[in-house]
């Protein structure tokens, strides 16, 4: 059998799950979660089948293509529903369906006590379907469908606990901010249409050579805007922190491992365009670098464990974007870091979830402490994830992040130096805040006390269904990096898509590694000095100006609130007024004036026969005079 | 004598009649003014008839008189009934309907 | 002459209207079923039309032509192109749902039996509107079109003014006052538009000597009838004004929120989803075809107005406190998109606009009808009176959400296809316009999600805690609409292939070519 | 018979021996319609004189209906005999024209009169008093309102059956008016149909003071206007030396000179013509109720008994416009460039004035009066077209309009409270809730007035505007459209009142009429819808009737 026909099934399986679970009604409540997990697993299995099949082929014919049907056929405009499965997509497919399946599994335990669990799994499946569609689409418009699809899923899942106004608001915010990014994507597509007459990957990317750099830059920037929205990059990052309102598995899957990395995918996928537009690339790197620091700083200040991790996610994706912005030097490492990050960040979030699970959903790390005794498995897996992310030698993060820093320097020129040092600095901060999280949560003495209702949390280890995924992910986060890097496996694997080229780094790999190690140690020891040695106050100290700003996402939200929300409200309110008084007023005004005229003319009809006679007489006179005048002129 | 003068006289009479209609209140008087206007017309007719040397004008004058008489019949009937129900023949009192 | 299919399609609901009106007062339910039956029968005929129509055949098919008022140069000429067929199908499809959704809207209130709201009248009027709308989609004689374009105001007027939404703030007197204000506003706006069009229609006759769309268009094409530039422009303005009021285009839109706010939800759907489409349809069929030059001349202004409609409508939707008024302003924004697509003068734009007419009909119907169900439960139109409905009535909330997502044209649902086509079409010729219009999609998300959040999420308000979920009748109404929204979103091909040839014709009417892509141009 | 004819008799008689008198030649056949009606009127008078009071009503009704029907039959016979088109001619020695427009208008007037007579004869609306059915006319015109005499007359069950012969006389005059082919006949016809109307206005059973006031106003102003007309005739006569249309037209064209140039020079010949023409036209504009000669209309329409109002509003307009058309098209076409601009002005202010003032009216009858003024303006737009289409469009409009009007006023007679008809608009609130049928019928008439498609009002308006536009009066069309928009507002207002506002507790009752009024209303509705949906046949009729005989 020819395997490309399987591609559609990758999407179809979870989509079917979503449809069944969402329309199925209560009768599915008992089996719903298993069904959902099963279908996720199915698409993972199919992914594996395709993967092995792909490995069996030679590099040239590895890219598969499946054309389902012509979607929007209009004069001069041809949109198809067609899939393209090459090494890049394959990587994502495995990551998404794999991690996805694990998180389904995890959720079975995590959402046990939620009576709307069936719907939760429906949404999760919907997300998988959309995300797979996103990475499998063979043209930008279909990608756009997946793009908005994951947006919808994330909207539904963030707002899953809709009775909490905060959740509903966070969901809305996420969707809206993403819409701004989507604007960029749709404009990019329009530009492609007017420039190339199509928006399918192959023709577009091949035609880049024939068009002006200006056009490419425009497209590139628009794509970057889209990426910023989806991947929570400055300036569109504000939604990610709030998105932590969603259930933790959601944060793990969508807001750490997969969806938020879609931006990186988009940029890498559109490599040819960016290669032709250096300015756009520069913009990408800048965004990446800025976010990298931004996220890291925010991560240092947050006491909410999930928000801290969210900050870290931002920052890590900043690394990827930075790498992607470096062009062919960086694409591979962007993706590689993406994958490894998928493992350890998912693991960290699941760990966090397991902690919260044991702590009555307490999220404030200052209310934790010394948990390693109570939940050993969580502690170990979380710890491995921690080591991975700070780039402890030998673990995944070490390889992927290291490469990115190298590549940054390899960009060459001053910007190379700047980017490189930013990346290094980021590594230091990463080490700092992750150590902080680690210490606050698992070390020191316990700081939790009874809540308002007086029932004190008694931490305990989570059920198997939760710990198993954590363990698996931990394994991934330990070995993936090394596995990929031995003999540059990953590089060669992606070669056909990314056309890797080794830049000429001013510094040798060894130097960079050395530097990384140094900053790593600095970061860790700083954190230790602050949170390890002396006891931590269970109420956050006021803190320095920077800290306070960082707690508030560096005031970026306040800015949004004042400028966009308030301003928008004023605008709409005044427009409502205008519509009522001006636009409507003009019409009513004319009507009224006619009425007034009528009232005045009416007075002439005063009831006196003689005045009527006068008007007749006058009329006759006018008539006569007018007639005579007509003759005269 | 220039026949035009007759025309002027007729016009004058007509104007007087019309003015009367406009300024007098008593319905009877107003009505008489209208009769005056009709007679002005008669004068004009007769003058023109003479002028053109055909008799049409004079005949029309007779018709006019008959019409005038008919108007008197109808008019007086109406005015009298108005007078009887209002005890006043002033046209200005009859102004129930307005606006 | 073969069986007059088009006449039948238009006549059937008319007959139904008379029959329904004739049902004795006591037999209310019988009247409802009768009306439903006739609407379904009409749907069948519409389907037959759909099947009999060959997209790649002549421009106008199933034509009929009879003498009517030769003194006015008027013939009874019917014929449909792809666009007409699509819209007829839409109309015939929506009416049964409207009738079902309005099943109880016209039941006399026991409390005040003196109230004059006979059920028979309600459904008869709906069918009458259907008949008139369908025939104006079929008419290829300007005068014939005009007659029904105007006449349909009367039943609409009675539907709005006579059968108001029972959920209203304040006393009955106040409500009925607002209602008749809305009805009068609707009628006068459209009547003025129509009368101005009448002047243009007469002018057209003076210039052209007859009213046959095809004859005039041919004469225009082969140059045997050349209008003075100014004449053409004046006539165009006369026609366009009427259509812009109906559509409605900013700043002629203010009647719509009142009408939709005061009317019952099904009637509101009838207004936006069905009747207003006649306006945009007529722009495509009459303005562009009869006055191509003037259309091109007016394009810049119209595009600006369309842009204003899009943004302005959306912003006002955000500012609304009344659910139905919000939907109304959203519709204004959407009509902006449709008009934008029509006057972008590109294949994508016009196909998009046509699809948009259909899809907007479906999406608004879905959203508005569910909103109607919601309102009928709580007895209030104010957003603030709701909250947490999602918890007590999840299905209702779900359908409402889908309707909302359709309104913000989420990819995968039908409206996305048309909206994106319109945007691409506009962008291809006027990039700036395309980009500004794209802002609309953000705003759309804003007003939809705000509406959903305020009504459906958050803690459950005590007033809504006892709210029942959708009943079977209501599900029967909503489910097919949602199915269609998804279906046409995933597989719009049949529809677009239906309208493409018609769009080609229109493009050739205005002698416009799509702009070539840069790369091809380079080659 | 015309003055010239008499003159010839006269001179010949002088010249020749007495036995040589040759009788004037009268084509009785072609004059049949008029003669029948006048004859019936005379019979009606005799009935009043000799038939016992109890049976007068039936006798009068019978005679009138038969006469009108017969007259209409005669018109149809003439028309089908080709007198409207090929055999059109001038009868009665130049006094009366028998041609398309004349026959069409006579037919319209007769039908309108017939249905109007039915409303005259309606006597089921008021409750039976003292064992007598009573109609809308005063028991005894002579009795003082509210006096013992009046009560006695009511007790005795008197009824003013004179209304029937009066109406017949009026109709007779109206039949001659548009057919008159010389100015004298025109004047006489004018008086013949005006005087009975003055009387009819005074005969309302209820609100007699207003009725009498209406009569006085109508009479004085009417006489005033006719005096102007007469003086105008005198001047034209002075200019042309004849009152026969044909001759005057010739003189105007200059093909025939009657006055020796010297004299003409001294008295500004054309001045006579222009002033005279203006004054005659003014008299006719008074009758059609064009601004600024309209002011009698509201008061008279309101005060007169409603059946009479309906009759006047319809028939008078038809007759007067007929005469106006003939005058402008047959006598003064040579002066077109002088009168057209003036008529433009009149048409514009009439359309706008009528529509605007109507907005603030509170009495249904006054409202309809102002609407009739606005309609006069629309018709004038057609008159100005000065084309054959113009003529036929006006004919069609008149036909359509008159039935709507009569129907509408007939409905007004049905809505009653203690004081008779409840004509104040506030009383009509919620009528649609009380008696949907009546309200619906009235709504149909209002929509026709407003010119909504599928009603006769639209067809008529379209015909007229089309003719005007083709005649180069596009601007008038625009004004017409604007004023229709304004007018629409107050028609809609009434509909809103009837259907969308709560019924008043002390609201009026809707009387159940006899078949007579039902017929009137039914015919009104039927004509309104037929002319709206399938007007072609009648348009053809009007089209064939579009040519005046000269």
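Going in written order, the chains are labelled A, B, C and D, and every chain counts its residues from 1.
Note that in this section a residue touches a chain if its C-beta (ideal position, glycine included) is under 8 Å from a C-beta of that chain, and two chains touch if they have at least 3 such contacts.
In this text the structure is predicted, and so the values were computed from the model without any measurement.
Using the average of C-alpha coordinates as each chain's centre, B ends up farthest from chain A.
Closest to the protein's overall CA centre, chain by chain, comes C.
As a whole-number value, the distance joining the C-alpha centres of chain A and chain C reads 37 Å. With centres set at the average Cα position, the gap from chain B to chain D is 24 Å.
Averaged C-alpha coordinates give centres for chain A and chain D that are 81 Å from one another.
Centre-to-centre separation between chain A and chain B, using Cα means, comes to 97 Å.
In chain A, the residues that reach two or more other chains under the touch definition are 602, 605, 607, 609, 613. Annotation for chain B: residues touching 2 or more other chains are 18, 21, 30, 91, 94-98. In chain C, no residue touches two or more other chains. All chain pairs in contact, by the document's touch criterion: A-B, A-C, A-D, B-D, C-D.
Of all the residues in chain C, the ones that touch chain A in their complex are 189, 250-251, 253-254, 312, 315-316, 318-320, 347-348, 351-352, 388, 390-391, 398, 405, 410-412, 416-417, 420-421, 423-424, 427-428, 431, 434-435, 438-439, 441-442, 445-446, 449-450, 453, 456-460, 490-493, 496-497, 500, 503-504, 507, 514-520, 522-523. If you check the complex, the residues on chain A that touch chain D are 591, 594-595, 597-599, 601-602, 604-605, 607, 609, 611-613, 615-616, 618-620, 622-624, 626-628, 630-631.
On the side of chain D, the complex with chain A involves touching residues 216-217, 220-221, 224-225, 228, 270-271, 274-275, 277-279, 281-282, 286, 292-293, 295-296, 298-299, 337-339, 341-342, 345-346, 353, 356-360, 486, 489. Those residues of chain D whose C-beta lies close enough to touch chain C in the complex are 430, 432-433, 436, 447, 450, 452-454, 458-459, 462-463, 465-466, 469-470, 474, 477-478, 481-482, 484-485, 488-489, 492-493, 496, 499-503, 534-536, 539-540, 543. Residues 602-603, 605-610, 613-614, 617 of chain A are the ones touching chain B in the complex.
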